[in-house]
Every structure is written in C-alpha cells, then in structure tokens.
Amino acid sequence: KEGSRRYRRTVFDFNEWRKHRSTERYVRHMQSMTSSRMVRGLAAPLAYIFAVATAVSVYNASVEAGLLPSLLPEVKMASNGPFGSVSFAISLLLVFRTNASYARWLDARKAWGKLINRSRDLTRQALTYFPPEDKPLLDLLCRWTVAFSRTLKCHLCEDYPLAEELARVLRPHEAEALLLAKHRPTYCLQILSETLKSAHLPPPLPVAQPHNGATAGHAAAAQAVAAVPAAAAYRMDENLTEFEDIVGTCERILRAPIPLSYTRHTSRFMIIWLTLLPFALWDSVGWATVPLAVIVAFLLLGIEEIGVSIEEPFSILPLDALCDTIEANVKELQRTHSQQGGGGGEE
Amino acid sequence: KEGSRRYRRTVFDFNEWRKHRSTERYVRHMQSMTSSRMVRGLAAPLAYIFAVATAVSVYNASVEAGLLPSLLPEVKMASNGPFGSVSFAISLLLVFRTNASYARWLDARKAWGKLINRSRDLTRQALTYFPPEDKPLLDLLCRWTVAFSRTLKCHLCEDYPLAEELARVLRPHEAEALLLAKHRPTYCLQILSETLKSAHLPPPLPVAQPHNGATAGHAAAAQAVAAVPAAAAYRMDENLTEFEDIVGTCERILRAPIPLSYTRHTSRFMIIWLTLLPFALWDSVGWATVPLAVIVAFLLLGIEEIGVSIEEPFSILPLDALCDTIEANVKELQRTHSQQGGGGGEE
Amino acid sequence: KEGSRRYRRTVFDFNEWRKHRSTERYVRHMQSMTSSRMVRGLAAPLAYIFAVATAVSVYNASVEAGLLPSLLPEVKMASNGPFGSVSFAISLLLVFRTNASYARWLDARKAWGKLINRSRDLTRQALTYFPPEDKPLLDLLCRWTVAFSRTLKCHLCEDYPLAEELARVLRPHEAEALLLAKHRPTYCLQILSETLKSAHLPPPLPVAQPHNGATAGHAAAAQAVAAVPAAAAYRMDENLTEFEDIVGTCERILRAPIPLSYTRHTSRFMIIWLTLLPFALWDSVGWATVPLAVIVAFLLLGIEEIGVSIEEPFSILPLDALCDTIEANVKELQRTHSQQGGGGGEE
Amino acid sequence: KEGSRRYRRTVFDFNEWRKHRSTERYVRHMQSMTSSRMVRGLAAPLAYIFAVATAVSVYNASVEAGLLPSLLPEVKMASNGPFGSVSFAISLLLVFRTNASYARWLDARKAWGKLINRSRDLTRQALTYFPPEDKPLLDLLCRWTVAFSRTLKCHLCEDYPLAEELARVLRPHEAEALLLAKHRPTYCLQILSETLKSAHLPPPLPVAQPHNGATAGHAAAAQAVAAVPAAAAYRMDENLTEFEDIVGTCERILRAPIPLSYTRHTSRFMIIWLTLLPFALWDSVGWATVPLAVIVAFLLLGIEEIGVSIEEPFSILPLDALCDTIEANVKELQRTHSQQGGGGGEE
Amino acid sequence: KEGSRRYRRTVFDFNEWRKHRSTERYVRHMQSMTSSRMVRGLAAPLAYIFAVATAVSVYNASVEAGLLPSLLPEVKMASNGPFGSVSFAISLLLVFRTNASYARWLDARKAWGKLINRSRDLTRQALTYFPPEDKPLLDLLCRWTVAFSRTLKCHLCEDYPLAEELARVLRPHEAEALLLAKHRPTYCLQILSETLKSAHLPPPLPVAQPHNGATAGHAAAAQAVAAVPAAAAYRMDENLTEFEDIVGTCERILRAPIPLSYTRHTSRFMIIWLTLLPFALWDSVGWATVPLAVIVAFLLLGIEEIGVSIEEPFSILPLDALCDTIEANVKELQRTHSQQGGGGGEE
C-alpha cells in the first residue's frame, strides 16, 4: 500500500481532461474497482464487518428458525432508532476529515505552485538586472534555484536520493557542502542570498579612498553600472522570503497532522457504528444484511481512507515533475537570454 | 459534448441579469431541459438506471402475481434501511465535489480578472512613467502585454490558434520568436522585463567617464530625466511578478485535478447507490419505481456532472472575451494618452 | 420586482441594530410578510404548486370516495420514500446557492469598503505629501478621486445618470472628456496617475543645463522641495493599483454569474421535487396537502429567490450612500487641511 | 436585554481556559440556564409556542375524548411528513446565519487585534527611527496613536463618552479640535500623517538658498541626520494605511448587516415551522407535546438568537480592554525607550 | 486531565505518517480507547447518561410488567418524533464548534510556522547584509531572535519557566532586563528594532562637519559601506512587523474564546437531547437502551470535548519543539556563515 503511493502522482493534460469529463468514466471507474489500491487497502476492516454481519445473520436466522434454546432472543433493532440519531455525527466527522485533508493537500500543491512561479520570477529578475560582468553569479543563482527545489523535494519525501539529484545540478564541491548541512533548504537560501548581495554591492575599491569630490561621482557612477539596482535587489529578496515561507508551509504540513484526537475519534465512531449496523439491517433486509453491510462499510471507510491518505500530501504529489518543470523553465530562460546577447542592452 | 463546451462561455450584462432574476426563469429552465446538453450527456447512465428499475419492477411484479416459481422471493427493502444510513455520505461527496470544483472555477476566473486589472495597471504605469523619448519601448510594452494574455489563453485551452492570434498583435519577427519558445508565457514576461529595464537604465555614456565632479551632477540629472524613476520600475516589476503568479495559478488548476480517488469513489458510490435504489422504491411506490428512479438519478448525477464539467474551467471560461477586453483597454489607454500629448508634462 | 430593488439598499446605524436585535422582530417579520416583495415575486410558482396540490387532492379524494371509475388508482407515495433520498440533494444545491451568492455580495461590499478606505488614504497622503505650490494638483486629485467612485457606480449599475453626477464634481470640460471615454473608470485612474507624476517630478529646468557642479546641488535641493518624496509617490501608486483591483473585482462579479448549469439544475430540481410533493403529502395529511404544499414551496423557493436576487449585488448595495461618504470624507479632509494652513509645516 | 450586552465582553486568561475546559462545564451551564439572559430574551416567542402547543393538545384531547361535536376532526400529522422535508432547509438557514454572524464577529475581532499589533508596530518604529531632537513629535505620535484607538471605539459603539476618554489622553486643545471633526478617526490619521511627515522632512532652510555647491553636501547631511530615513517613513505610512483599512472594515461591519431578506426569511420559516410542530408531535407523544414543543423552540430559536446578537459585534467585544492594552503597550514602550537613553545610539 | 495536555504535543516524521496511514490504525485506535484521556475526561457525563437510561428502562420495564400502580403510564416516544426534528440542529452546533475550534488551532499553528520562517529569514538577511564590522550586532540580533520565540512561548503557555529558558540564550543582564518588562515579546521586538537601526545608520561623524563639498562624497561613501543598505533594512523591518502580527494573532486566540453563548447553548442542547434519548430508544430497542444511550453519548460528547480541548491551542501545540527548531536553525546559519568567512565577500 505504501509503495503504491508513487503511482498516484498525477499530472493532467488536455487529453486526460477530456477522458476525465467523458460519460464513460462511470464504466471505467466501476471496472477499475477490483484492482483499486484503496479497495485492497480496506480488505482487513471489510473482512471484519463481513464476519460480524454473517454472525449476526446466522444467529438471528437460527433463533427465528427455533434452532437455538428459546431463552436466547433475536438481537436486532429498528434501523431508524439510535442509528438515524448518530449518522449525522458520522457525516460531520467525515466532512471535517475530508475538508481538512483536502485543504492540506491543496495548501501543499499551492506552495509548490508558488515555488515554480517564484523560481521563474527570480530567474527572470536575475537575467534582467544582473549586469553582464556578473555572468558567473547569474549561473550560480540559476543553479542554486534549481537545487533549492530538488533539496526541498528530498526534505519532504523520503523516496528521492538527494545526492543523485544534486549531482546533475550542482558542481561537486557545492553538492558536497550542501549535503553536509543539517537544514538543507535553508542552506540553499543562504547561498542565494549571498549571491544576490555579491551582485548588488558596488566594487569596494572607490569606497576605500573617498577623500576627493570626484570620487563621489565615481561612486555614484559605479553604483549605477556595476550593481543590481537597489529596487531590483529588494524585489529579488522578496522572492527569497517567499521561498522561506514555502519551506515553512511544507514543513508545517509535514510535521503537524490534523489533531490526532479527531482521527482517533473518527476511527472509533466508524468501527462502532459499522459493528452495530448489521443489527439494524437484519430487521428490514434479512439475509441481504451481509452484502449490504459490506457495501456500506466500503463506501464509508473509503471516504475516511482517502482523507487519511491525502493528509500527508507530499508522497502523492508529483514533486518530481514539478522540479523538472522548474529546471526546464530556468534553463530555457537562460538559453533565450544568452541568445539575445545577454540582456536588454540590445533590445 | 466536448464541442458544446464553447457555448457555455457566458458574459453577463444588465439585461441578462434582469432576465436571470425574473420569475419566468422557472418556465425557461424547464423548457430548455430536453435540449440541455447536460441532460443528453447523461443519457447513458440514465438508460442504465432505467433498465435496472424496469428489471426490478418486472421481476417483483411477476413474483407478486405468482408468475414465477414460488421459490424466488421478492427482492425489495424498506427505503429507510441502509439507504437513510448512507445517503448522507453521498451528500457529503457531492458537497465536496461541488465546492472543490466551484473553488477551482472561481480561482481561474479570479486569476483572469487579476490579469485584466494588472494589464491595465501596467499600461497605466508605463504611460505615466516612461519618458517621451521611450515611445518605442512603450509601444513594445503595450504590444507584449496584449500578446501575453493571448499566449496564456492558448497555453490553457486548445481551441485557439496561437499563430493567428499573435499575427494581429505582434510584429512578424516577434511572433515568430515567441512561437519558437517552449514555455511561451514566461517568454513574454522575459521580454516585458527587459523592456522595463531598458526604459529604466540611464544611458550608459556618462558612466564611462565619471572622472570629474561635473559628471556627478550630469549623471544625477540624466537619471532624473531619462530613466523611469526607480520606484516606478519597482512597482511595474511587482506587476510582472503578479503575472508570473497568474500563469502559475492557471497551470496548477490545469495540471492538478482534484485527487482522483475522490472522483472515482464518488462515481462508484453513486452508481452502487442508484443501482440499489429501485429495490428500495418498489416497496413504497410500486410501478412508479421506474420513472422515480430515473428522475432521482437525473437529479443526483446532474450535480456530479456539473461538478466534473467545471473542474477544468478554462474551456468554459470566456477567455476570448477577456483577452479582447485587455486589448481594448490597453489600446484605449494608449489612444487617450497620445491625444493628451504624451503624458503628464502638459497636464 | 426589478423596480423594488432600489428599496433594499440598507445602511444601518445604532438604532436600527437595536431594532434588529429586539425580540419583536418575529412579530414585525410575520406582519410584513404579506407586503413582502419577495412573496409577491414568488406568486407565479406558488400558484402552480397550489394548482398541482389541489388537483392531486381532488383526484385522490374522488378515488377514495369511489366517484371515479374503479380502474383509476390512488396516486400517492410514502413521504419517506424517494423523497428522503433526494431532499438532502436539494439542501446541497440550496446551500451552495446561498453561500456562493452571499460570497459575491460580500466581495462586492468589501470592494466598495476598500474603495472608501483607499480614497481616504490617497487623500490623506496627497494632503500630507504634496508640496504647497502643488495646490491645484491637489484639488485635481481630490476631485478625480470623488469622480472615480461615482464613475464606478454608474459603470456597475444602470440606475444612475453619470452626466448629472459628474456635473456636481468635475469641471465641465473634464466631465465632457470623461464621458467620451469608453472605459471610464480606467480613464479616471489614468488622470489620477498623471496627476501623481506631475506632482512628483522635479521641474525640468535644471536638467536642461546640468553642466556645472552647482546644479547638482540645485537639482538635489529641487528634488527635496518641489517633488513628492519618491516613497510617498510609491505608496500613492499602490493605492491606484488597489483601485484597479477594485474595478476588476466589481467587473468580474458583474460579468461572470455563478455557472449557469447550477442555476438551471437547481430550478429544475426544485420544480420537479415540489411537483411530486403533493403525492407524498396526501398519504399522511389528506386535505392539509394543499396549504402544506404551498407553505413548503414558499419556504424553499424563498431561499433560492433570495440567493438569485443577491447574486448581482450592485443593484441592491447602497452605492449612492457609499459615494456620498467618499465625497464627504474627501471634502472634510481638504477643509481640515486648509484650516491648518496647508500641511505639516505649521504642526 | 440591550443593557446586558456589556456583560458579555469576555477576556480570557489561563485560569478561565482551565475552567472552560473542565468537565464541570456541563453542570455550570445547566445551572446558569434559568438566569441566562438569552433564555429571558426568548420569553415572548416561547410563550407563544407554549400557547399553540397547549391549544392543539387540549383540542385534540377533547376530540379524542368525544367532548366536541363529532364533526370536528383531530388535527394532526405524521411527524416525518412535510416536516422531514423542510427541516433540512431550516438547518440550512441556521447554518448560514451562524457562519455569517460568526465571520462578522471574527472579522471585527481580527480588525481590533490588528489595531493592537500595528499600534505597537508604529510606536516601535517611531521610537527607533525618530531622531532625538524630534522628541516632541514622538510624544505627539504616541498620544495620537492611543487617541486613535479610543476614537474608533466611540465611533463604533455608543456606550462610551468620547470627551472623557480623550481628556485622559490628549491635550485639551487637541481633544477639542478632534471633537469638532465630523469623521473623527480619519482626523486622527491625518494628524498622525502630518506628524510623520514633519519628522521626515529635512529642515527647510538649506533648500531656500541652494545656490552653492557646499549646500548640496549640507542638504544631504541634513537629510541623513535630521530626517527619519525614507524607508522608515514608508514603512510607518504603511501602518497608517493599515489603520485606514481597519476603520473601513469596522465601518462596513457596522453599516452593512447580512442581507435583510435572509434574516426575515429565517424568522418567518422558524415561526411557521414551530407553529406546525405541535400538530406533528401530538400523534407520537400526546400530552408531552407541550413541554417538547417548548424545548425544541428554545433550542432552535436560541441558535438564531445568538446569531442575531453577534451580528453587530462591537457592543459585545471588549473594546475597552483592547484600548487599555494599546495604551499600556504604547506607554511601556515609551518608558523603556527613555530609560535606554533615547534610542539605539547607546545600544 | 489538564496535566495530560502536554502529552498531546505531536510532531510527525515519515515513520509516524506511515503508521498513521496503515490499515492497522483501526485496531490501534480501538485498543487505546480504554486508556484514552478523552474517554476518562468524559466519565462524569457518561455516568449521568447511564443513570438516566437505567432509570427509564427500569421504570418502563416495571410498568410493562405491571409491577407499578396502573395509573403510571409508560414514558416513551417514537424515535423519529421530535428527535429527528432537532438532531440536525445538534449537528449544526457540533459542526460549528468543530470548524471554529480547528480554525483557531490552525491559525495558531500557522502563526508559529510563520515565526519559524521569518526567524530564519531575518537571520538570513542579517547574515547577508550586516557589514563584517557589525559582528557584535549580528550576534545580538541572532540571540534576541531566539529569545523572542522563547519569550512568546512563555507568554502563551504557563507550563514553561521563562527565566530558565532565557538563561540558555541571553546574557544575564539582558535576561534580567527582559524579565522586568511587562509585555515581554514587545520588549524583544524593540531591542531587535534598535539593533537593526544601529547597524543601518552611517557613523555620525561626517555629519557633524558637513561644511565642504568633499564631505558630500564622504557621506555618500560612508553610507554605501558601513550601513546595511536601506532596502535591506526595510525588508528586515518588514519581518519585525510580521513578528508583531504573530504576537497579536496569538494573543487574540488566547484572549478571545469563541462567543460563550455558543459554547453554553451547545452544552445545554447536548445534555437535554441526551437526557431525552432513552425515552426515544426504549420503544425500539428495549433493554439495549442502556448501552446504546451511553455509546451515543460518548460519540457525541466526544466531538464536543475535542472541539473544546483544541479551542485554546497553545497548551497542546509543541511550542517547545518549534522553539528548538528556531534555535537550531539560527545557530546553524550562523555557523555556516562564519565558516564561509563572514559573508558574500568571499563567495
């Protein structure tokens, strides 16, 4: 079941949407039911409900048929008795579970979406505002932007080998230094931050001897030419802050589950309710109790199961595809930029 | 069914709101029912439910009439049995589907609304802050702002021919370059970014010879006149970041559907529930089972069908009309501006 | 019904809240029921339900009384049959309609609230940061801020005559130019933007002859005195962007209704459900079917009717009162400012 | 009932949370029921329901006992008839009322929370960035920050005497001027804005004679010393904009109730439903109809009553305590600052 | 019960997620039920319900068995009578309680998540932008960033000894000064703010003698070298404002509970409903009334209990672990930075 999570990392395109919308989906979904990983994951609790329902039915049928000592009563109840009274509460807990889990999944997906946007944005800004002589710094920044997303991916999901990922992106000594860090995403951001600052600061020389009027002009000129304009540096720093927030959001989702008391109470509620269900069903449907109890259990446990399975979204999000998108975008931007001859000067 | 999606790209005006609100809407909606694309889209599953309901009714009627061997029992159940117990869960899944799909539709619509706002805003700023001698850059910026929205439209929806769209907006060599790019919206933003920077930077000349006090003044003066003031460039760069976020939001909606396990579980739940429905209806309504089962199926499947059909919102949003709005706004702003004689100098 | 919408533009004060909270509201609301515009708006569908319920009751009573040929059966069903099964789905659609419509109403109200805040804020900033010699520009800005809100009002709601509104606010030639524009709110913002820039830029003179050291000082001094400080201009430009977003939000609400398929499906669902209701009621309440069916129809259709009537919020929001608030605030701020002798210099 | 609203302005501390969480709360809440202001507020409608239930019970009992002419039928209906059909709709309206009212309450509380944060923030910034010679301006700013919160409190709630409040905070002539203003919170912000600007601008002298090179240096130096750095002024201006938004949010909540049609429809729906309730109860519970109808009415009307009572949140929020917090924080910050010897110079 | 809250401060890692998702959770949750702190916390109300159910059952059984004087009637009612009518309202109140409490918990968790992000961000910026000669200020800033989180923790939760916590982080005289402050988190922010400013301002010397042209250049140069660039200071000040907002958000959650009338009404509603439950159950399930009433009470009271227990989230959030994360991150960043030789100069 754990292993199957990697097959759920869906990325849609136009074609898949058309299939998704077509009316044939009903047929497709019914057919795939037996092979569904979720169904197989629920095998154990469904077997339990099957056993309970069979036991209740056999017992009650025996009593009715007079096969058991007459002291033993039939054990059944009207289906609208306590059942109607608490089914709304199950509904409440399932709604809560569904909404809270989906919100976590969506938050995680949005954080990664933002990571893509802002990686593109940072690259765009760097390509535009870094002066031509800062080309090595520019490459450094692009490299580490890509490395940052891959590092974050490995920080959030065990399935990926960080060292391999980095080997394709960073220089060996860079990758090594990064692997030594304890909190790696923050390390990447620190490097990006230093890079920004290096590009920004005017060469320190004129500052060392600011003792004649001319140098003022010199300094101003140097500032205007060699440095990323202050406003641009500011804006790029904003994107780094955005990166910090993305790291934090993802870590929050990974570290803090929905309060466990809800998860436990929902499990207990469902098991108790489903255990009592056959007693309520026998009265109105007789031997159909067994299949019906199992079907109802499947439908309800299925909702909870999905909720639990997307509560930790990183192992089912296509983080790999998202990282590849970032890498492809950054590289294409770099390529376009160098074809244009290094910036807006020639525009 | 796919083809019909383009007829759902509604844009309302005062008149349509009046019609929308009038009490006659009930008559209108009932009349349009038979020609409704949604109804026809549901024909297959409704036929299935019709068949099941008919089979159940015929079988049970035969048993009651003694036409079948007496061993065969009537197959029916009380309608408030397992049914009441799980109908809340269907409700839950449909509510979730409806809300999540509508939120996606609304997100997409808001992103495009923001695209309009910020296209206007960027144009406003450029018209205000670009110096008169940067008129070519200004035209370039306006042109690419319009091109950006059209490129994004084609990026999100297959129905539009990008080359044709661009031909009306960009110069031939620009359109060609754009069509060669792999991620076209990002390419547009890169061009806009370079344009901003070109307008912003002071002419590089005075910088080359900053060796006497006078030039300091010269440089400062040049900066004050020829360049977009730093703060304005900053604010326009903010709008480009906003554009990046819009691209990202739209791509997220296009690439990441609602977790498929929910979609599948909802389909399965509905089909199982509707298949069992005739058994529960026969007991209380007899032959009315057939029409009632079909009506109920229509009402419930309809809700799911609408949810699925707006899950991917770009093929039903009036992206064309929105792009036209942007183009009209940008062009009107440019016209007004040149009538006023090129900016606030004459104000 | 359309005409009555203008009587629903409520603005509350302390007194009305006290009345709103008092327990007498029950009496008041029941008494006003017969004169309620909503009730009268629903007359047609209620008449239809009345007719259906009467027909069903008369038919069934006739059958029971043996007045009809004995071949004709009673047409009725248990009220908890298919009814219970789908009433949750009606509930779902009504909840969705209610929440989505209210969210639109609230969004529109918040956008206008923000318009008030930011009009005040822009005025505050202009009064603080415009230098005394820019008094004409200051008046221009205040005038157009007021005009902007009135223009937006007329852009969103047909009921107001723009020309008259503007005559009280703008100079004749300004109003004329504005009326000629196609997208008027954007035109206002363009004027505000040019005004800001005019106030901001240093007088162009010293720039023309920047060839001696003294002028550098001159330019710097001029910059410090005559111009709105760069940061202030930046902050005021942010408010203009906020205005653009407000225009865009309002236009989105006006142009894009809730996906029509939901509206249609809800109408159809309600009419079908209410048509079947009398059949279900007859069994348990007999002749009380007629009044009860009409009451139930009133209660449910009422919820949908309110939802539809606030879906387009601008014709029921007190836009007039909000514009008056803006005008009064701007004028009071101007008055206070000139009494204090034109800014913080004397503080 | 109105008077009692001031006793609901709760501020919690650790102790009260412990009490709040303890299991004894059930006992406490049941005991306080008879003295509950809400219960007494509902006396009138509960009496009405009591009367209806008694009348229905007496009439039906009389018919059953044969005390009335035999022409008169029993008036009753099955409790799951039309009742089940519309109880979900009541639920819907109550959920909507509850959520919308709570959202308003929370918005108001958050706006005031933000007022606290930003008052602290503005004070922090002023203490840090105002130069030592601007001490009088600093005091002015702190004074008016406190006055602003008190003015807003009186703007939103009638219960407080503004003149008295201000006497403790402002100098007499300041309080007088503020009391004369029509929109007082905006007046406060205008004063704060002027204060900021006064602190920010360099002394006007060097500007008057900018005709020799030396003064350029002088001006620059003056700018660096006497003025709040531009970025700091910018950041403080952001807090003023935040204040404008807080004023606007609070005014929106005060001026715009939830659309009245919902409030009216909910009242009517509840009264009609509760009036019909005894007819449905008699069949299943006989004379217990009277207490049960009253209990049900209490439970449902209670939910609506609470919703209505928090719809206008300012008269139940502890605005007084919040203003005191702001005053205490501002004063403590000032005290700490002067003990440290006036800023970071000595740090 | 109070003491047990500290055992609920969960932090998840990959392993725990795997356990969390595995199907064995049903078994685990059922087994831990008897030792569950929540179950034991509910002992008192469950005992009450047990008593009521037993009394009702004994009484009714006695009446049926003819053991009591025949005047006394059986006391029972149909379970779908008033019960169905109000169970939706309980559901409504529980949903509201659950959502509102969870939103508070999530807000608190997000605020602390943001505290982590922004502590990292502030440290990153300081390490990048502080000039090498400001090393002592840098250490000061890092120290107080850590101290700020620990101070806030103790401000929000009684369980931690502030003095001890600070001893490990601050110098003795700093800790002492902080402990003397009344509102300690604000005090920390004031220190951070002063530190920022000290690093930012150019050395005051050149300003003291600005009387020759050369000094203008000098001042400009000094500004460019010794000071944190203005934009960086601005961005760091933004993080301080974010800190102020975090303090304010946490305080709001701590001081303002969900309106107490809801909490009270929910308690009363539940107790009344559960007290009436045995009367409704007896009719359909006989002696099974006693266990069923207790089970239903457990399931429903459990939902409310969880809601109440997370309403004040700070005593169940792992604030300690979060503070440790901040400290570890800040220290690692400092270590990395000094290994690299003090900033980007050597990059």
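Read from first to last, the chains carry the letters A, B, C, D and E; within each, the first residue is number 1.
By our rule, a residue touches a chain if its C-beta (ideal position, glycine included) is under 8 Å from a C-beta of that chain, and two chains touch if they have at least 3 such contacts.
As the structure is a computational prediction, the values presented were derived from the model and not from experiment.
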Neighbouring chains common to chain D and chain E, by label: none
Rotation in the CA alignment of chain A with chain E, degrees, nearest 5: 70
Inter-centroid spacing, chain C versus chain A (mean Cα positions, whole Å): 36
For chain B paired with chain C, centre-to-centre distance based on mean C-alpha positions, whole Å: 23
Touching two or more other chains - residues of chain D: 80, 84, 88, 91, 95, 213-214, 216-217, 220, 230-231, 234, 309
Chain-level touch network, classified as line, ring, star, complete or other: ring
Sequence of touching chains round the ring, chain A onward through chain E: A, E, D, C, B
Residue ranges of chain C touching chain D (in the complex, touch as defined): 8, 10-14, 17-18, 20-26, 29-30, 32-33, 36, 38, 79-80, 83-84, 87-88, 90-91, 94-95, 98-99, 102, 105, 109-110, 113-114, 116-118, 120-121, 124-125, 127-129, 213-214, 216-218, 220-222, 224-225, 229-232, 234-235, 239, 277, 280-281, 284-285, 288, 292-293, 295-296, 299-300, 302-303, 306, 309-310, 316, 328-329, 332-333, 336-337, 340, 343-345, 347
Parts of chain C lying in touch with chain B, wherever the complex brings them together: 1-2, 41-45, 77-78, 80-82, 84-86, 88-89, 91-93, 95-96, 100, 158, 181-183, 186-187, 189-190, 193-198, 200-202, 204, 206-207, 210-213, 215-216, 219-220, 223, 230-231, 233-234, 237-238, 240-241, 244-245, 247-249, 251-252, 254-265, 267-269, 271-273, 276, 308-309, 311-312, 315
